[in-house]
Amino acid sequence: VKILLIQGANMEYLGIREPELYGTTTAAELDALLMEEAGRRRLHLDIRYTNLEGEAISMIYDADRGDTEGVVMNPAGFTYAGYALRDCLKAVALPYVEVHMTNLVRRGTRSVTAPAAGGFICGFGILSYVLSLSAIEKLVAPL
Amino acid sequence: VKILLIQGANMEYLGIREPELYGTTTAAELDALLMEEAGRRRLHLDIRYTNLEGEAISMIYDADRGDTEGVVMNPAGFTYAGYALRDCLKAVALPYVEVHMTNLVRRGTRSVTAPAAGGFICGFGILSYVLSLSAIEKLVAPL
Amino acid sequence: VKILLIQGANMEYLGIREPELYGTTTAAELDALLMEEAGRRRLHLDIRYTNLEGEAISMIYDADRGDTEGVVMNPAGFTYAGYALRDCLKAVALPYVEVHMTNLVRRGTRSVTAPAAGGFICGFGILSYVLSLSAIEKLVAPL
Amino acid sequence: VKILLIQGANMEYLGIREPELYGTTTAAELDALLMEEAGRRRLHLDIRYTNLEGEAISMIYDADRGDTEGVVMNPAGFTYAGYALRDCLKAVALPYVEVHMTNLVRRGTRSVTAPAAGGFICGFGILSYVLSLSAIEKLVAPL
Amino acid sequence: VKILLIQGANMEYLGIREPELYGTTTAAELDALLMEEAGRRRLHLDIRYTNLEGEAISMIYDADRGDTEGVVMNPAGFTYAGYALRDCLKAVALPYVEVHMTNLVRRGTRSVTAPAAGGFICGFGILSYVLSLSAIEKLVAPL
Amino acid sequence: VKILLIQGANMEYLGIREPELYGTTTAAELDALLMEEAGRRRLHLDIRYTNLEGEAISMIYDADRGDTEGVVMNPAGFTYAGYALRDCLKAVALPYVEVHMTNLVRRGTRSVTAPAAGGFICGFGILSYVLSLSAIEKLVAPL
Amino acid sequence: VKILLIQGANMEYLGIREPELYGTTTAAELDALLMEEAGRRRLHLDIRYTNLEGEAISMIYDADRGDTEGVVMNPAGFTYAGYALRDCLKAVALPYVEVHMTNLVRRGTRSVTAPAAGGFICGFGILSYVLSLSAIEKLVAPL
Amino acid sequence: VKILLIQGANMEYLGIREPELYGTTTAAELDALLMEEAGRRRLHLDIRYTNLEGEAISMIYDADRGDTEGVVMNPAGFTYAGYALRDCLKAVALPYVEVHMTNLVRRGTRSVTAPAAGGFICGFGILSYVLSLSAIEKLVAPL
Amino acid sequence: VKILLIQGANMEYLGIREPELYGTTTAAELDALLMEEAGRRRLHLDIRYTNLEGEAISMIYDADRGDTEGVVMNPAGFTYAGYALRDCLKAVALPYVEVHMTNLVRRGTRSVTAPAAGGFICGFGILSYVLSLSAIEKLVAPL
Amino acid sequence: VKILLIQGANMEYLGIREPELYGTTTAAELDALLMEEAGRRRLHLDIRYTNLEGEAISMIYDADRGDTEGVVMNPAGFTYAGYALRDCLKAVALPYVEVHMTNLVRRGTRSVTAPAAGGFICGFGILSYVLSLSAIEKLVAPL
Amino acid sequence: VKILLIQGANMEYLGIREPELYGTTTAAELDALLMEEAGRRRLHLDIRYTNLEGEAISMIYDADRGDTEGVVMNPAGFTYAGYALRDCLKAVALPYVEVHMTNLVRRGTRSVTAPAAGGFICGFGILSYVLSLSAIEKLVAPL
Amino acid sequence: VKILLIQGANMEYLGIREPELYGTTTAAELDALLMEEAGRRRLHLDIRYTNLEGEAISMIYDADRGDTEGVVMNPAGFTYAGYALRDCLKAVALPYVEVHMTNLVRRGTRSVTAPAAGGFICGFGILSYVLSLSAIEKLVAPL
């Protein structure tokens, strides 16, 4: 089962940027951890970083045209004004799980992409991603 | 490890109430499913239903005074105006995971208790609860 | 035909509380008057007073599980923030008529439970209740 | 006892317009039904349709100058911006009952004329009108 | 000098409607008083009452096409939503003075026609009209 | 094919009113131009001017009862508060094209009748009307 | 009859400041013109300029303690936030007429002192002051 | 003189909950301190804790029916949405003093029960309660 | 112990201004009463009246530079827009108690200076001041 | 005459994405249809798809520097937050026609780029584009 | 070249008030530093402190009547409600540079005087003033 | 000292776009002017233009990873919705000065990136950039 995991704007700086909010695990360490977890679940995980909203949109259309079966995304910097990304996620047939490391609700932020999600997980730091793999696995193969 | 799971106002009617939103699994079936899952994770799960916000508050203070180590709650009917419940959750030392079966963000609802949560999971139906057990387990025993 | 009539928070003080708004008929006098009217219409009326929103919710679920065929309610103190009560009324199959003694619209108040009502009557004082019995009778037995 | 019943803008198309909201009873059928009900109550009912707010205002001043003793109105299209109509209803001494076929509150609509009403009935379809006759009868002759 | 004075919706009931706000002078008495005052100032005053906003609009276009040189209006019932009337007043070349008997600002009302006025007088009761004649006279013949 | 074209409040003053916004073509010249264009397209065009919202409503119900197949309207002065007109347009089965000479969006105006339109054209001055004839022709006879 | 006329903040620069809005008559010229007009009406006019809201308040209390019988004021710079001035005007027994040279409503400004006024005149430039003398004269000696 | 002192939702956790805001005095210590202070003032103090808004309402009605002469309350968790409690406090004849330990205004919180209070004291921590006893004593026996 | 008590804008008219709200005790009588109460508590009270916000600010800086140990203030007319006063109160090291005679919350007013207060007392009329002396005494000498 | 037609974010998925809103015509089919229509009108049409707002901006500056004479754009995903695109369209001298397939107003969406348009066409599906070619042709060569 | 530099309400306490925001440089030290900088640029600097908005207004009118050529101001306490000051700055012909030591935008504050400024500098602490001298020098003598 | 200067969306059209707002200096001329000024200050200036927000983000992360010591940016088209850019600027350790040619506050625009700035300069046209170089120089080397 092939899954596209998109890390939105600013995620490349994970571990360096505001560590009191996001922890000190770097992007590379997170990737390794998730590839291992995916292997355990026999998911084929394609992790992509981008700072460009339009590029994320193209990735999703490409995935939809190919054999990818689900999308996990931390919209990060696209959380606030990613309306085009939201329309894209609504347009494709793929199940989508949205992930955030911090509790957005506590910070008073409203994700504009979340209405396009099948499910939403936030606030658990690195664990948010691990839970999202468990979730997308079930959504893709509900039986 | 002892966990308190609170089902807020109206959850007793699960499976009967708005099944197109909440599915047809009944409260009793959900309890069985969660007790089994908890057993697998060696969690001691105390499931409580209440329609009274003040009763939920008292349950949490009792848990905090006892040997309970975490709280999972679907605030359900308390989602909209449960400010006293939110203050209670902030007052106690217990980690709290908030769970909703539907994607609140898509429905435009803002949970007033969510800012007190360590993490927040919504939109996966019954699976939301399963993920929450995995999450609270990690939060309670992070190593 | 069995009808549940709920008098919400503060209704126990009818006739004493703000008589320039609510008149001087007491709760006991109103009950007698409504029982008589119900008798005339061969309705079996179960009148219940409660100051606890969660208790009102439980009453409605009990009624729905039993042989009650309709609900009339003056939400009174629950008018402003009774969101859980609203979800409960949407959850059950029983027709619901909402009643207020004063014209809420003139006072600029918006009832949060009213969207769950089949119909809404307000502003006629004691007469509001009498009209509501006529209305619930028709809703329960439309032919 | 003479009662003026005004059917506001768009009511002439009753039974044709949005039947899933307003039912299939036509304006003519409703008139017949209400004349019969009025006869039973010995009310002299004067039913008037108008699409012009100013015309409705003139009708009410004429009624107030004559021997009419009460007004029942479904403001319909005047519900949203009928401020002049509201001032007119406040200006005259006649008791006024406002009627709507659908539950306005559920649809999120606020009637600008309702603050001028003695009482307000909505959501019961054709039955709303029947209840309004019962109500205006009591308001006009309270003893 | 010919002046059009429009009395908007509900002004026909002056002296009867809410006398604690508007006094007991009737429309007929006010007309006589203003005709006399106009005579003293050698103004030819054309006083018109209407409950129909569109009719007021037509009166103004007719005046603009004729030899009328100024418009005085108490929009009354058109104060709240008379947007079409406002556009009409902006469209014609005639100076316009807006008059209200009560102090709108104290009542928290915002006149939608006032932005089209050269000047605005409110709060002086009958005196507001007298001042408006003095004002329109100056505006029409500034030297 | 018979089309009703309604010119809303203030359109009679076209060419005279705010020419820097609406140009200098008069209502009569526009009528001639549109009749010619309609002739070329074999549309039977019925052009009507009115300053009364209720009159526009009656015209539309009459058209719907007759053999008219489409409505084009510039709501003009009804744009701001024509809620009753909007309900009327939703009630009838006729396709409706809304036309404005200026770009409403740039001026920050929201048309309350536009939600009832099949399509919406604004900002092209006289050309807006010409495009609307082309559009209504296609909507009426889609094949 | 003694009248206090207060010119609020920035009025000292009349004729220099934004002449396209306020004209070219200077403060000194306006004073002369008003003293003459007052003389004609046998009013004893005390004209005061101040940029300090608290000073205006003290002037009004002094006037109220003395033999002044009415207050005319152009709040000017105090229009936007003169809440203390408003409370002062409500506290004294003196009739108060508020004056503005420009049409505040057209400029979208709301005067916070206006609710304390007996009447309100705006938009007539220098003429606004002349009308206000006529108005205060009548308010002070209504017979 | 008998006084009812209600400690609203979450007050049972005083001294444990957010001590940086509420200090370390526990509920039991506060009770002792207030009983002593009440003794000094010859007030008979009945201190009640509840997490249920409806229970607080019932306590107040019971007090009003008995010989209690005043109510002091820290609404605590009921501060945000205690509309039914507010209506109750308006309904009874007892003077009511509202108490908060922290300065609500600084925290941007608006108490919904405060409009029903004779007076309001906040921000002094434990001292707020002591001042409230002094205040209720005067209100109950003003001479 | 030296205390500065500031009476803000309009307080000089106490006993004369809106007596139904503020009672008939005059400023002079209140001063005498407070000096006596202060004497009993061995507080050296410096009572100052001002209608100028900037003057109140200077008083507070002077007090802070001298041997004054606390500030009590009824901001009165400065309540609505006294932002500079608020910043001043935050700038100095002196404890500050805010006092109002009426229940601001009931009147829907929000004090902009209150966030700078250690504590806040309102609604008790003259008694508010007496309580504030008791409060400032404790704040200044907490042991 | 050379025209730039930009298809904004998500338009590449036309015919696949939400067909109940946008129909089943694919992007390729629409291109063919528009090239043919353009040929008939002797317009040289340059159709460009992009998911990147900044790329659309660069296309427009390039067009403005070259011999392109008009821009037609369906902003699609840029409709909600394309402020930079709006500034770009205002910066260039080219006439701009905005096109949407659905009636944005009915969906409650406000286009941020529309204020920069000469004209605006929405709601006619594929026909919207055809009308826009007719419109841009006239705007570019008004005679 | 003569420049007026106004330090608004509370600036006299610079270095003492909230040093974590404003630093420890005192008003006297800042004055010395700025006089020296001004000397270097051959600017004649007139530094004035005031807590009274109306006094600042009078200073500016005096400067405008004299030979001052530019105004630099830190409105400080006047930032929030200095509407009269804003109108004054618009009234005079002098270029105006507004200065703040902290980044207002980050603190969510909107300066009401800033719309009257030629330019605006904030966030650089003491350096903000130094930059403002450089800026006003250029504005006054653009060549 | 190496400084990154980013010119945001639409800045490439400087001198051509809305010259009444932005002047006629072109982008190339501004670059030359700034390189010269930077040379004088011994700053190594790297000027970059981009219409893509994500590209600006990447430039900043690259600068942060390299030896750049400060960022100056005119966000231009990113001012309105550049939330991801704001998070990026908060993430890096580099001091950031924000620059705008026009006075944003006067135009009622709020910059979403400004809260991430150390300081903010706007309204001085080309001079804004010159001042920003002076400012960033001080911020980078405060001693």
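A, B, C, D, E, F, G, H, I, J, K and L are the chain letters, set down in written order, and residue numbers restart from 1 in every chain.
The criterion applied here is as follows: a residue touches a chain if its C-beta (ideal position, glycine included) is under 8 Å from a C-beta of that chain, and two chains touch if they have at least 3 such contacts.
What you are looking at is a predicted structure, and each value in this text was computed from that prediction instead of being measured.
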| item | value |
| --- | --- |
| Between H-I and B-C, the pair with more C-beta contacts | H-I |
| B-C, H-I or C-D - pair sharing over half of the J-L contact pairs | B-C |
| Whole-Å separation of chain centres (CA-atom averages), subunit D against subunit K | 64 |
| Whole-Å gap separating subunit D and subunit H, where each centre is the average of the chain's CA atoms | 48 |
| Euclidean distance of C-alpha centroids - subunit E vs subunit G, Å | 24 |
| Overlap residues in subunit J, where contacts from two or more other chains coincide | 52-53, 55, 81 |
| For the subunit H and subunit C complex, residues of the former touching the latter | 52-55, 57-58, 61, 81, 83-85, 87-88, 90-92 |
| Complex interface listing, subunit I residues touching subunit H | 103-106, 110-111, 114-124, 127-128, 131, 134-135, 138-139 |
| Footprint of subunit A on subunit J - complex, ascending | 8-10, 12-13, 16-18, 50-53, 55, 76-81 |
